[in-house]
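For reference, the structure is listed below as structure tokens.
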Amino acid sequence: MAILEVEDLKVYFPIKAGIFNRTVDHIKAVDSVSFSIEEGKTYGLVGESGSGKTTTGRGIIGLENITAGKILFDGVDITDKKSKTKDIRRDMQMIFQDPYSSLNPRKRVFDIIAEPLRNYESLSKLEEKKQVQELLQLVGLSPESILKYPHEFSGGQRQRIGIARAIALKPKLIIADEPVSALDVSVQAQVLNFMQDIQKELGLTYLFISHDLGIVKHMCDDIAIMYKGRYVEQGTKHDIFNNPQHIYTKRLVSAIPDINPRNREKQFRFRRDVQKEYDESYDDYFDDKGLAYGLQPISDTHLVALPERG
Amino acid sequence: MSNKLLELKNLKTSFQIGDEYYAAVDDVTLTVNKNEVLGIVGESGSGKSALAFSVMGLHTRAKIEGNILFNGKDIANITPQELNRLRGDELAMIFQDPLTALNPLMEIGDQIAETLILHNQNMSQKARKERVIELLNMVGIPRPEYVYEQFPHELSGGMRQRVVIAIAIANQPELLIADEPTTALDVTIQAQILDLIRKLKNDMHSGVILITHDLGVVAEMADRIAVMYAGQIVEVADVHTLFENPKHPYTRSLLNSVPADGQDKLHVIQGIVPALQNLPREGCRFSERIPWIDATHHEVNPVLHEVTPGHFVRCTCHKHFYFPDKTKEAELHGNSRS
Amino acid sequence: ACSGGDEEADGNESEEPDTTEEEGNEEEPAEEEEPAEEEAADDGLVSIDDFGVDKTNAGEAIDGGTLNFGLVTDTVFEGILNWTFYEGAPDAEILQFFDESLLAIDNNFNFTQDGAATWEMVENEDGSVTFEITIRDNVNWHDGEPVKAEDLEFSYLVIGDPAYEGMRRYALDGVVGAEEYMAGEADSISGIEIVSDKQINITYAEPNPSLLASGIWAYPLAKHIFGDIPVAEMVESDEVRVNPIGFGPFKVESIVPGESVSYTANEDYWQGAPKLDGVTLKVVAPTTVVQALETGEVDVVDTFPTDQYVDTVDQLNNVEFLGQTDLAYTYIGFKLGTFDKEAGENITDPDAKMADVNLRRAMWHAVDNDSVGQQFYDGLRWAGTTLIVPSFPDYHDPSVEAPSYDPEMAKKILDEAGYVDVNGDGIRENPEGEELVMNFASMSGGDTAEPLAQYYIQAWEQVGLKVQLLDGRLHEMNSFYDLVENDDPSVDIYQGAWGTGSDVDQRGLYGRTAAYNYSRYTSEENDRLLTEGASAASMDVEYRKDIYKEWQELMVQDIPVFPTLYRSVLVPVNERVTDYSIQWSWDDLHEVGVTSEEAIVAE
Amino acid sequence: MEANNVNIVEQTQDPSKSPSGLRILWRELVRDKLALFSLILLTLIVVFVYGVSIILDQDEIVTVDLFAIHEAPSEDFILGTDYGGRDVFGQLIIGTRNSLTIGIAVTLISGIIGIAFGLVAGYFGGHTDNTMMRVLDFFQILPFTMLVIVFVSIVPDYTILAFSLIMAVFSWMGIARLIRSKALQEKELDYVQASKTLGTSNTKIIFREVMPNISSLIIVTMTLNLAANIGIESGLSFLGFGFPESTPSLGTLLSYATNPQTLEFRWWIWVPAAVLILVLMLAVRNVGEALRRATDSRQRRG
Amino acid sequence: MWKFIVRRLLITFPQIILLSVLIFLMAQAMPGDALTGVIDPNVSLEEKEELRERLGLNAPWHEKYADWVGGIVQGDFGQSFRFKMPVTELLEQRLMNSFWLSLMTLLFTYLMAIPLGIISGRYNDTLLDSSITGYTYLGFATPLFIFALVMLWVFGYQLGWFPTSGSVTPGLEPGSMEYVISKFNHLLLPALSMALIQTVSTVQYLRSEIVDTKQKEFVITARAKGASESRVYNKHIFRNSLLPIAAFFGYEISFLISGTIFVEKIFGYPGMGLLFLESILLRDYSVVNAVVLIFGVAAILGALLSDIILSIVDPRIRIK
């Protein structure tokens, strides 16, 4: 069952200009995006910088005003800001990119993790403390840490505190916006591992946003590629990596540096070929504004943005 | 004439924190040859940038000891005038952050031209402009005449990074230091930039130091790789050796933590790079992060050993290194420094 | 004129000198008494008696030279340079150098025959009086045009014009036909008749002693210049502001608005060409006047801030100080009623808080004004006794017995009047045994205002009277007059000051219908005396003296207000200046000379 | 730039932001000898002035004594008397207290207005910010001194509090601007976004999350503002719009110097006040600058 | 560019209107009016009342306001009660004086601030820097009026180097060389007094800007190009640091305005500030209103000017 369904989501930002600071145009940060996420799965959203990944995530959770479209969460329409009632809200949480700025440096770990509990549940001090300690243990930190401040932790640990906060209310969906891109490779691994563990344990669903195809490949079941606010391709991990259809996807995949130095030449050649193809067939894949076309299904799971034939 | 372009001998760069000096680059001995890309990898804070800045003489308040031989000449202690003659001409550097590396108030063309002016006063204005356009072309900027008169804020990150590269290569440097030139960029642009650097090396036969923490990048680019940890080089080898036969536990951990096909669990390096003041100054600096390796396996004052020709490793603990098993790891999680 | 740096007086006095700034009577100033001064001599205090009014010449005047005149004010001058329109005292100082009244006066402020015109008073059969004024032949405007009778008439016509917005309307008081003219019923004033080019007759409906005491408006307005300018625009015109004209000893050469005026000699002056080549007048701030004098930057100033005298007299060894009693006094008033605007009449309220004259007398006894004068003003002010200042030697009555400083007496009076401390807090209650707290309003500005007010309050407290500063602070001039003029019920006592002008007539300040009678005191006796003092009978000076003597006694009896301090004016003059004088009657500016090109600098 | 190079863990320890930041500020302050000296001096002055002024009888001090006018310093009057025969030393103590009180009150009131304004504008951004900034611009272009003079002439009840309020109404803009720009940056940080997704109310976020994070900025700015505000009434006293003399202040004493004789011959009336203003302002400022250095890791002295 | 200016102007419009209402209401709220100070037995109460009526002092405030604004729109600020002349003419004289004084002060301010700020920023934490910083601290803590008084006393009177009051020596022909020199001479001391105090904030600001800019990465880029230290400063750091000073310029105007009130009073310099002080005491409201309005507008224009300067010199916000 799909826990989240997004239909035709649009998030536009006004460009203001002119004498009266009127809106003259829009940045179409997210332009008609539709997808759905199955419960318990990890859905990856990939794309270059500025392609609208973050905006999509923020739009869903309500940090951004939605211009048009519809969002169904657990079958309930939560498009409108007002309809995002407290109850709905608690089922959807977010993990942020920067483990340093996402924790209030002035608050103790206890207060940070307890914040959602205080907003949604009226627990006694003791219960609260117990819950926080349990959560800490769950994310692999010692319960004694509740009196510490964020700066006393390493990046990976902080990210886990952020996760503890996100799961405090036992949400169904977690939107993770580049949860590891600010971390060193070594620390990255720690967090990714942990996210997988906790997913199994709590039956979480992830909307996993990243620009690193390597990580997405490691983490996700389904993947969507975004370009200039639109989807260019969507499919299972296998579809995307082994059978990329859209030229943009191909280019993205080819650009991933290969960890094996022996493959260098092959990789270069591959990349050159893809680039050539990209240059040659650009017009087949993008409209005159350089935007992707609407999605066309090419298999049960695989959708590609292609011009409508006929 | 030797093939050695740059030789660092026991380079030590220290910063003052409080009343004491702490070495961020500690006893680094390293060689860069002509027509070679030397990759330097390591976690954040391991001293990569500090090393690059030392070579360029860009530290304003650091104590630098040891020798930096450039074409056989020690440039660690030369006058500012002499240094300025080298910098931008034979020695050039590409910076990490393209957003801030350009003067926001100067036209792109002027910023590139400045390098030319500084090292060749005789060039006519016209010739200079032509050369700038040529450079812009070289780094793949479309419509260079137009971009010439633009300001940094009008360009995208990728474009700016190219301008930074154009500045660095303007005078066809013999040594190009690229400090994380692509970290801030998308993969597709990263591929282009790396392509560019590779082309430059091939065209000009320069030596390149490529600093990065992305193992994929070095795998694609470098001829030789130096792995840095806590201010020290822990392992140096040619690229194939390093990826296929890493010795030092740190190198192996790094390689292991990269997501790869079919991997279920990623390897995790425990702990963090200690802050400068807290660096263990004796013994194997990595020992703290591999607590399951017996302390006796570490050398007291480890130095780089040449294990096979051209392959250097610090500390003999690699001989005893193994990855701990999952259960043990989980246990360690619980008690991790927190 | 009044001293710029002086406190309370600023507001009210500044309007006053329009009738004053010329001269007045002055034998030796303040020859009367002042026990203060005798003691003062021992204390090293200064007495006004020690000053001369004429500069002692220290050498031969050279030919020509320029006199630098300092106008002491901390504001700029307005630059309305015409007698008919000016308002501020500083402008009057500027005017006197280049324009003057047709009629001269003596030190008693009475008209003489020594001016640019002679006059004759003719009593008509119908009881009215006509003044026949004849302008001397050699009196010419600076542009060479003769000063004519029609110029004087023109001045009256302008002042009476409905479009005239100035403050000189009083000039027409009593002139026959003036009302009709002002009401627009006549094109001219029937009481003014031009006999010839140089002679004009002005008829007043009733003889009035004030007329002789410089009560006739005698400033001509050059018709050949202003004749074509609409009255409403005159005051703004360049002829008033930029190239003003007169017939005085000097001509205006240039004006830096608000700052300075340069004059050159008027060779054609009717009393003869001036000795000086010219005069430069500039504004000097009270705070820097000493330095300006010391360095010879200015030779003379209009008035010297008296509070700076003692400190600087030794330093200023290059000047001679002239001095005399000022035409002003400070007083404390008691609110006794209100002014009925409808009826235009003061209504005394017998139930007013301050209605008991014993209370008022006790309060007078309680304050030591001589000490105030000595301590705050180094003896250059001294306790006042009557409401007519010693500058009117004819009228001021030194024999009036005014309450003097005597706290014991004050207590006795209060005790007898039933003001006793019934609840033992050291403060007297009123005869009904109710708490008595009086509010004292005083104006801010000037250096001594605050301690002075505090002193009075303390002095009253010493005799057991509780007086507090209204709102706990001094009031800025505008608020002060708002309170006092509108009879704000919160004011019981106030401190004010009056410039006296050159006429002793007191109706404007203490009459039943006078809005400025801030104490709102009225009595039959007062009405009688004031009316009598301004009647035809009072044309006889001896009679008039008696009347005002009676009035001065009445005021000391009834004490609606009591004078606190009389004041003096000091004028420092550089040693190089000759033939300078500050006598009220002095009008010989043309004879002033200097003994050297440059002013003498202090050592 | 250098900040980039700093090891990440180190980087996060921006002392101004970590909770122990205040402790760090304190440590830095104490390390700075000049600032420490200033702080001690300041404390001594404050304690002395407030302490002694409790004992002193203000009415007594402002009592006019006709026979002790302009006395030079002597045993009876440590700092002589003024032209009303009033003890200058007593006035100096009470004046310092009043001036300090005014300075503190103005700083606090304008600080509270400015902080609230800046936080709200910065936090909400967009139209709210736009509108609020227009209001702020407007206040900023008002001819401050003139309006204060006009206001001072209007208020009937001219007390220290009223004065402070008037002053504050015209001097909150600087801090508001600063706080706003900081809040604009701060609200983009993920912890604010996180709080939003966690269902925390805006008010709570503004005052409980954002504000504590800019507290060191607030402290520094307020300290520097305090330095500027200590002498704030002296100018008005000079122009003649100060307090009545029965409420002594440093400005009143200082403005006596406009009398040339006082300026030249009676130094004891105004010089101590001038020196005190100078010392107070410098001392507070030194403390403020030291705090500023402490919050700015790049400028921290070791 | 023009669009930008027009837009900025449009924003200033409501500000000015608001300012005018505020000023007007405050003037209304003050006790007393121009005639309160006329205390002269020769002028009767009726006459005063009549004058009040004629001058429109008794009309309700909105009528008065409408009249006033109506006048201003036609360049007529009404009539000064005290000076008996149109405020516009009165201001002409004063405005020029204040304008020169301000200009001179600004000139001195920047002439001092820029070198001092640059030195102090470039050689920060040296002895030189410490002494400059020391000066700025002192300047910050010294009340302008005390400083100006002392300057007047020392240089005007004790040393006699400068004239002590007024704006020009009396009797000089306007337009002549002597006149101009004399004007300049009269400006020097007040302008210098004000500038010496005023400049400290700019020095401090510039210093911290330079210290800040020094750390920017593009400066390192410049060094890496082989630029010498002096070139790094001249070509890269100074321009970037001076930019915010342009933004500061707008506020400088406001400081100036407050400053002129003090300095004009002390040096008896007949400018707008002095006029304001006198007029407020005498309740010459038409003048008070006009002066405050003009100063307000000057500040608004100052802000506008610095925005425009900024938008010209800063390519990041340059409007093409």
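A few points about this structure:
Note that the chains are named A, B, C, D and E in the order they appear, and that numbering of residues resets to 1 at the start of each chain.
As a convention for this text, contacts are C-beta pairs under 8 Å (C-beta built on N, C-alpha and C of every residue); 3 or more make two chains touch, one makes a residue touch a chain.
In UniProt terms, the chains line up like this: A, B = ABC transporter ATP-binding protein; D, E = ABC transporter permease.
All values derive from a computational prediction rather than experimental measurement.
Listed here as common contacts of chain C and chain D (ABC transporter permease): E.
Summarising the inter-chain layout, the chain whose CA centre lies farthest from the centre of chain B is C.
Comparing the chain pairs D-E and A-D, the larger number of C-beta pairs in contact belongs to D-E. As a whole-number value, the distance joining the C-alpha centres of chain B and chain C reads 92 Å. Averaged C-alpha coordinates give centres for chain A and chain C that are 90 Å from one another. For this pair, chain C with chain E (ABC transporter permease), the centres built from the Cα atoms lie 39 Å apart. Taking each chain's centre as the mean of its C-alpha atoms, chain B lies 49 Å from chain D (ABC transporter permease). Shared interface positions of chain B, defined as residues touching 2 or more other chains, are 44, 97, 100, 272.
For chain C, the set of residues touching two or more other chains reads 288, 291, 476.
Residue positions 1, 8-9, 153, 258, 260 of chain D (ABC transporter permease) are each in touch with at least two other chains.
Considering their complex, residues 8-9, 11-14, 17-20, 189-191, 193-200, 209, 212-213, 215 of chain D (ABC transporter permease) touch chain A. Those residues of chain C lying in contact with chain E (ABC transporter permease) across their complex are 11-12, 14-16, 18-19, 74-76, 78-80, 85, 87-88, 165, 167, 169-170, 235-236, 241, 253-254, 256-262, 280-285, 288, 291-292, 294-295, 297, 341, 344, 476-479, 481-482, 485, 501, 507-509, 514-516. Contact residues of chain A toward chain D (ABC transporter permease) in the complex are 58, 61-63, 86, 89-90, 92-94, 96-98, 100-108, 115-116, 119-120, 149-151, 154-155, 162, 165.
Only residues 43-44, 157, 186-188, 190-191, 194, 213-217, 219-220, 239-240, 243, 253-255, 257-261, 263, 265-269, 271-272, 333-338 of chain B touch chain A when the two sit together in their complex.
Interface of chain E (ABC transporter permease) with chain C (complex): residues 30-33, 36-47, 51, 54, 82-86, 89, 93, 152, 156-157, 160, 164-168, 170-173, 265, 268, 270, 274-275, 278, 281, 283.
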